[in-house]
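Next come two complexes built around subunit A: one with subunit B, the other with subunit C.
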Partner chain A sequence: MDLFLFYLRKLFTIIKKEVFVLPSRIVVVLFFILLLLLPVFTKDLYLLRIFTLTSIFAILAASWDLLSGFTGQMNFGHALFFGVGAYSAALLNKYAGIPPWGTIPLGALGAVLSGLIIGIPCLRLRGTYLALTTLAFPIILMGIVFALPDLTGGELGISGIARLAGSRVTDYYITVVVMLGLCTIMWKITDSNTGIIFHAIREDELAVRASGINTTRYKLLAFCLSGFFAGISGGLYAHFMRIAGPSTLEVSMSFQVVIWAIFGGIVTIYGPVGAVFILFPLLEFLRFWQELRMLMFAVVVLLILLYMPDGLFRWLRDKIEKECPRCKIRNVAMRHTCRVCTAQLD
Partner chain B sequence: MTQSFLEIKGLTKNFGGLRAVNNIGFSMERNQVLGLIGPNGAGKTTLLRLITGILKPDAGNVRFMGKEIVGRKTWDIVNMGIACTFQNMRPFRRLPIIANVMVSCLSPRAMKRGEWVKRLEAKAMDALEFAGISDMAREKASTLSQGDLKRLEVARAVATEPELLLLDEPFGGLSPAETDLMAISIRRLHKGGRFGRLHSEGPAMIIVEHKLQWLMKIVDRIIVLNFGTIIADGTPDEIIKNPRVIEAYLGQGDA
Partner chain C sequence: MDLVLNIIISGLISGSVFALLAIGFSLIFGVARIVNIAHTAFYMVAAYCIYFVTHKMGSHPIWGMVAAIVLVTLLGIICYKLFINPIREHEGAVLIATIALAMAFQEIMVLKFTGTFLSVPSLVKGYFAILGVKVFYQQLLTFCVVLLVMAGLWILLMKTKLGLAIRSTAQDREVANLMGINEARVAMLTMGISVGLAALTGAVVVPLTVLEPHMWLHPLIMMMAVVVLGGLGSLKGSFLGAYILGFAEALVVFLAPMGAFLKGSVALSIMILVLLIRPEGLFGVSFEEER
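Take a look at the complex of A and B:
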């Protein structure tokens, strides 16, 4: 009992000293809690469905940020990983009878493999050339899918695969917990030593090589990690929608990911996730305005990009927090002195 | 037979029709500091880039401590113990300065050599301390001045604890006072020893530089390049008196 109290007190201290000092951290904690408690407040199946899909796409957007934002390997064909994850999960489920908890990781491994396959020829390319080359890969795969209608169902896709779980609420919990877990892992990766090298490769690859780092290995690692996370989201999507169709490989899907990530702010992980949670429901709720739906969507995105070129969440964060000029620790914007080194803020 | 430390034979590199480095061959010893001078476009930087594997030579070979290094990847060469700096500084601009150095500390060579240093930051800080910019460790590299960027380049190279250090214009853009400091640092580095938790092997060096006044003080041998070939090789005193060098730098006298 004492031990329990000890850990409880420790937890409170951590929350008080680490979380409540910065509004952005409070927002993240609130976001976690709200997402986990949503089914308690509403049993509306439509709403739960939207947020399940949102969570799935949040993983996808964050994984794009890991590859293209952090490592700087512009990938305009991110739908490839999503599609490979979805199709492999669907095929494994339909023809091998493996349940979803097995097919989703295996599908993700398939996406890692595809990451290696496109990563190796793309190693020498960078910038625009890389972006254009990667754009082609999902289209190639779509051609293969159409060429093998007996196996892949052609344009109709593979339907009738197993459900993720019995009920909508369970589906929701599985995807949300997986999303929160994976995004935390991605954030941890970007915060680690590997993350520093990813950042450095984006800034100047030649200088990283001259520092004695095997950049080929790290770039392939970035492709594989990104492919793994995107593959998981593809598998979740296939099992949630119970269909893996060519729409998962479409060019519009690739660009959607890019739009989400840039809207929220690249090189952040939290940016793309937050952006999906704004843009995806927005697109759904604009359905009552069928004709103007895409137009409104475009207007919102354009306005954000015009006035907040670093992304919405970067902009918001800079409004409510400022960096101490001396110790580089972030403080609430209202403070006049730094909370750690007591230097004057601005 | 004793192996020489660095041995270059018949090294040639063409850029289209231009022969930037033409059949260069020399060898140097472990304890030497070599100055590499010559007019602009003489092929000095190209020579350094050929040694580090950033450029691939068209012909010739380079042996470092008895091993052929032509054809190896740049990171392999760096991990064998050759570190280089860039003439036009290439920092990771959006990363803090300490992270710039930590990338070098993460190279396999540095990780292997500093096992007893548990914290990467500590080692990176010592490299910055050596270069004299440790007080700005948390600033973004884009905020640094030219002189400090040069120091950052040196810190990055030193962090891999090299045996051979290739410095491309370490004094470029520095004021006379800063140049003095840098020259002292370089000489101290060559002596070897410990800088905090960082161990210096007392690397041999090849220094490309235009500021001869300072260069003469720290090197014990100078090689002069012109149009991609070696036109003189000797101690600083010999080089100053060499008529071919004077001609290359000042042009031929008419009178």
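Take a look at the complex of A and C:
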């Protein structure tokens, strides 16, 4: 009992001293709670479906950020990982009869393998070269998919895959919990030593190599990690939609991921996730303007970028918080002195 | 024999198209470091412009070509001024701004002309036969125009003052600025030239292809492959790379089973193979990384 009270008190202190001091942290906690409680308020199947898909794509966008945002390895072919995850989950389920909880991790492993395969030639390239080369890989795979219609179903894709779970609400909970868990893991990775090395590679690869770090290994690690998370989202997508088609490999899919991630603000993890949660439902709710939908989407992205080129969430965060000039800790914008070192905030 | 000739013609045409597109793309990349995804979208807009002038207004296709080139070049400069110039310092933002532009153009075209497949009459009708294979005059015209434009561009870049300014800005922006070159103006002019080239490509090639709002995606991918294969910023590389990939595509389409599906894959695999051996492309110079 005492031990329990101790942990409870510790939890309270953490919430009071670490969470409530910054509005951005409160928002994150609220976001978690709201997402987990959504089915309590509404049982609307359409709404749940949208948010399930949103969560799946949130994993994808965050995994792009892990690779391209943090390591700076601009990947224009992120649909490759998504498509490999979706197709291998679908193939394993259809031909080997493995249930979803087995196919999704195996599909993710397939995506890791594809990350290794494309990572090795791409390690020698950087910047724009890399971006333009990675664009090629999903298209190559798509050609192979079309050329083997007996196995992959060609243009129609593989249909008749097992459902993720029995009901829409269970589907929702599985994807949301997986999304929140994986995004927290990604955020933790970027916060760890590995993440700092990723960040350093982005800033100055030569300096990192001069510090005795094998950058090649870390870049490959980034490709594999990103492939793993994107593969999981691909597998979830295949089992949720019950179809794995060539649309998962399309160029527009790759571009969509880049738009989400940059719109939210790269090198943040929370940025891309938030951007998906704004842009994807927006696109769905604009459906009453069927013809104007994509146009509106493009215009919104263009206009927001014009005013917030660093991404929406970074802009918002800089509005409500400011960094202490002395100890680099973030504070609420209303404060005049830093909450830790009491230095004057400007 | 028929097959060989068909492959040569089809390879020359698609190679020429890719070459013009790739040169425009690598010009603006070299000068302003803009990865212009919307480049082939301008090509599509030019093609629709011709369709509009010939079908809706009933004018001669030559007016359509002129209108397309002028209007699309203006459109390109306006888009640059409004959407790209203000955020040029943020590489990622520029990237998705151009993607969004391309999507916007595609959607506008879907709204205006619907998504159906359209076609445009050739500028010159008729064909002649070599060894029993039809060669349309339009194909010949496309090929000649591409060669002429390429020669003109070479003269512009190598012999004129503007060309010197463009090349020096591409080499080092800051030093070029210090030497009294108005870097912003050069970037804008280059954008104009680059989009103009895309419009011209669209104008000469549209009678040979079908017109649809998604027609910019395949050339975009091939154009990027050409640019990477030839080496970024190298005109010679783009020229050669374009014909290599054009012929590769033609060979696959005519010879391999399921060729139409595999053409993109094979061409892109060639690009990746070359990159494995020469990471900077065929003619690219491996310049020191900008730090």
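Descriptive notes on the structure:
The rule we apply is simple: the second predicted complex is superposed on the first by the 346 of 346 C-alpha atoms of A that agree within 3 Å, B and C clash if a C-alpha of one lies under 4 Å from a C-alpha of the other, contacts with A are read in each partner's own complex, and residues count from 1 in each chain.
Please note the rule applied: a residue touches a chain if its C-beta (ideal position, glycine included) is under 8 Å from a C-beta of that chain, and two chains touch if they have at least 3 such contacts.
For clarity, every value in this text was computed on a predicted model and none was experimentally measured.
By the touch criterion defined above, A:Tyr129 lies against subunit C but remains apart from subunit B after alignment on the C-alpha atoms of chain A. Once the two complexes are overlaid on the shared chain, A:Ile140 sits against subunit C while remaining clear of subunit B.
In the overlay built on the shared chain, the residue A:Ala200 is in contact with subunit B alone; subunit C does not reach it. Of the two partners subunit B and subunit C, more subunit A residues are in touch with C. By the touch criterion defined above, A:Leu306 reaches subunit C but does not reach subunit B.
Of the two partner chains, subunit B is the only one that A:Ser211 touches; subunit C does not reach it.
Once chain A of one complex is fitted onto chain A of the other, the partner contacts of A:Lys328 are limited to subunit B, with no touch recorded for subunit C. Look at A:Ala343: by the touch rule set out above, it reaches neither subunit B nor subunit C. Residue contacts after overlaying the shared chain place A:Met294 against subunit C, while subunit B stays out of touching range.
In the superposition on chain A, the residues of subunit A touched by subunit B in one structure and by subunit C in the other are 204, 206. Chain contact summary for the complex, subunit A toward subunit B: residues 193, 196-197, 199-200, 203-204, 206-215, 327-328.
Listing the residues of subunit A that touch subunit C in their complex gives 121, 124-129, 131-133, 135-137, 139-144, 146-147, 204-206, 251-252, 255, 258-259, 262-263, 266, 291-292, 294-295, 297-299, 301-302, 305-306, 309-310.
Residue ranges on subunit B touching subunit A, taken from their complex, read 52, 54, 73-75, 78-79, 83-84, 86, 90-96, 99-100, 102-104, 106-110, 120, 138-139, 156, 159-160. For subunit C in complex with subunit A, the touching residues are 29, 35, 37, 83, 86-87, 89-90, 92-93, 95-97, 99-101, 103-104, 106-108, 110-111, 217, 220-221, 224-225, 227-228, 232, 258, 261-266, 268-269, 271-272, 275-276, 279-281, 289, 291.
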